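Take a look at the structures below.
One chain, chain A, appears in both complexes that follow, with chain B as partner in the first and chain C in the second.
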Partner chain A sequence: MISIHKETESALLLNLNTSEANLVNADEFKAEIISLFDEHQKKIILSLKQVEYIDSSFLGALVAVLKHLLSFKSDLILVGLHKDIINLFKMIRLDKVFKIYDSFDELPA
Partner chain B sequence: MMNSRAKKILLVDDNEIFLKMMGQSFKNHGFECTFASSAEDAITLLNTSSPPDIILSDYEMLEMNGIEFKRHLMHDAELKDIPFVFLTYFSDNDLIISGLDLRAIDFVVKDTPIKVIISKINNILFTIEKQRELTELEIKKAASSLNFKSIPVTKPTVKGFEIDFWHNAYHDIPGGDFIDFIRVNDRYKFVVLGDVMGKKWMAWFFTFGFLSYIRSAVRFTALSGEYSVAAILQKVNSVICFDNILKDILSSLSLLLIDSEENKITYAGAGDLPLLHYQSANNKLKQLNSTGLLLGLMEEGNYNQQEIILEKGDKLFIFTDGMIDFIDESMKKSDYNLFVEMMQPYMTMDDGFTKMKKELFLKGLDQQVDDQSIISIYKN
Partner chain C sequence: MLVTKTFKISNSTQSQFISLRQILDFISSNLPRNCDAAEINFKLKAIITELLNNAIKHPGNVETALHVFIDYEHIRIDKTDLGKRFNPNNLIPIPNEKSGYSVQLSCDALNSVYAYIETEEFIKFYSEDNNLTNDFDINEIDEHFGLLIISKSADEFTYHHNKQSGLNTFSVNLKLF
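Right, the complex of A and B next:
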């Protein structure tokens, strides 16, 4: 459910390929992304462009991955969030925890 | 009790006439039908709408046949457990064995009278439902023997206020939402609403841990005479960040302290949705945002508290994210503003919350995708 968009010297740019991120695919997502991190050992920039709905179980998985990466002094950065999802992140203050950008192109140098 | 809602069946067959005829018969027997004229169409449908209770599929279809269709579903964690029955003119034993190996429940020959097919499907669904109920009953028995309730049975009484709540568990299975009303003395009462991330039993088990910590923190704080909801949240969060089991589990929390003597409420939140304050003087619903992060997220949770003054006729609503989830043209979405709009007409009514329960919440159950909980505090 995750594909590699690009790999740079310092980061791994990934696409999450599902329109509905929920309880059913949360564990699979967590396992896949952590295995990619173990393999590449780089900060991860994840595009949620294809995601139209995200439930609390999947938000839990995203936070768990962020905490895992932070414990290795790395980071999980999110891009391409739909308006409804951005609003949800803001409402429950997850925008204070994740670095969020509009798209891969908008990332700071 | 069998669930009384109409059972959803997905009929897959490349013969349009047969599909229509079967659909009409199933509809006449109380089923809700969706149709696909190929396995490919069925897969698209399954990926974009809520799952049916059962799939009844033809074997011989152009492109992908029934066995290939079932094999495809077996590789999809979300779809592999949907009960699947083959409907076919073929009665070849090897074919039947291949299908059953893929965990198809049954093979029905197409010549079978439609009434018999419907009876078979009803029996299969009844057996599955019964099995699920028995399993749940066993877990519920075990849970009740622990004497732990994550949702109160009755509404509390607080001088000067009227408190009510509504809760509905997703798929009737206890989940991650929890509510508590903790009385300290005649003057102070705490209102607790939380949501452990995750669904059904898995989330429910963790509510034990969260509620135990919250109840202890409230008691210890009250014993010391310090009534700060922000301090309680910070204490609970610190303990959870050190708890080896709970530290990877997150929960939202709205914590309110009602002071009946001073007629005021203090509130602090952890990753919770903004509360709604209905101000009767100007007939407006105002959003109240808190600052804190979800419990268990970071050691420094930035918990602040605010004072809420309810004037006579004012109402305060605290709710979990299941209340703002909707299914719109088969797509799920979270829409806080839509929920606010839907509540607005009920604000001026004296029995608004009772009416909302009946007309909004219970009617919206078909669209439910998570636990739903809402608490109403009315200043009388």
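Right, the complex of A and C next:
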């Protein structure tokens, strides 16, 4: 469900290829992204451009992944969130926890 | 105007998503014309998704139903089942001296969720934002958001247990204006 968009010297840019991020695929997502981090050992920039909705289970998986990456002094950055998902993040204040950008192009150098 | 419909929900994940779509379509087609449909639909999708997720996570091999009530000013969704009574942290029974008190269900650096035990059979859920400092510890952030999402999306979120029938009802109220 995750594809590599690009690899740079310092980061791995990934696309999440699902329209519904939910209970059904949360565990698979967590395993896959942690495996990619273990392999490449770089901060991860994850695009949710294709994701139309995300539920509490998947949000929990994102937090778990962020905790894992931060424990290795790395990071998980999110880009391309739809308006409804941004609203969900703001509603439960996860916008205070994750760095969020509009797209890969908006990332600071 | 009062529109009502009951949706019987099985506990398989595939049928949950079919049910979610059917429920949202039914509600969308029956909302008053001049309400903020985008905002209402966003909140309802969040609420119903989490109610259905709760049915998958705590199946108890019982049938779950979602009852939808829409009038000019409100929408109410009741999730009912005859499974295990909701009693996290052993909230019940209530100490004899108290008529109602709050119990913290979850707390992290961002939010707290509480259950106000109004009676032995009736609980109201609510949430509060916590004061977040710049140096908060990521490991203090919770990974479970279901009750929080419903509490924040709904105008009222309650639970009722009928001792005689054993019926559990999670009820969500949303104002349309």
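The definition used in the following text is that the second predicted complex is superposed on the first by the 109 of 109 C-alpha atoms of A that agree within 3 Å, B and C clash if a C-alpha of one lies under 4 Å from a C-alpha of the other, contacts with A are read in each partner's own complex, and residues count from 1 in each chain.
The definition used in the following text is that a residue touches a chain if its C-beta (ideal position, glycine included) is under 8 Å from a C-beta of that chain, and two chains touch if they have at least 3 such contacts.
Please read these numbers as outputs of a predicted model, since none were measured by experiment.
Residue contacts after overlaying the shared chain place A:23 against chain B and chain C alike.
With both structures placed on the common chain, the touch criterion links A:31 to neither chain B nor chain C. Look at A:63: by the touch rule set out above, it reaches both chain B and chain C. Of the two partner chains, neither chain B nor chain C is touched by A:4. In the superposition on chain A, the residues of chain A touched by chain B in one structure and by chain C in the other are 20, 23-24, 53, 55-57, 59-60, 63-64, 67, 84, 87-88, 91-94, 96-97. Taken together, the chain C residues at the contact with chain A in this complex read 13, 17, 42, 45-46, 49-50, 53, 56-57, 110-111, 129, 132, 138-139, 141-146, 148-149, 152-153.
Those residues of chain A whose C-beta lies close enough to touch chain C in the complex are 20, 22-24, 53, 55-57, 59-61, 63-64, 66-67, 70, 84, 87-88, 91-94, 96-97.
Residues of chain B that touch chain A in their complex: 48, 77-78, 176, 195, 197-199, 203, 248-250, 252, 271-274, 289, 291-294, 297-298, 302, 321, 325, 331-336, 369-370.
On the side of chain A, the complex with chain B involves touching residues 19-20, 23-25, 28, 52-57, 59-60, 63-64, 67, 84-85, 87-88, 91-94, 96-97.
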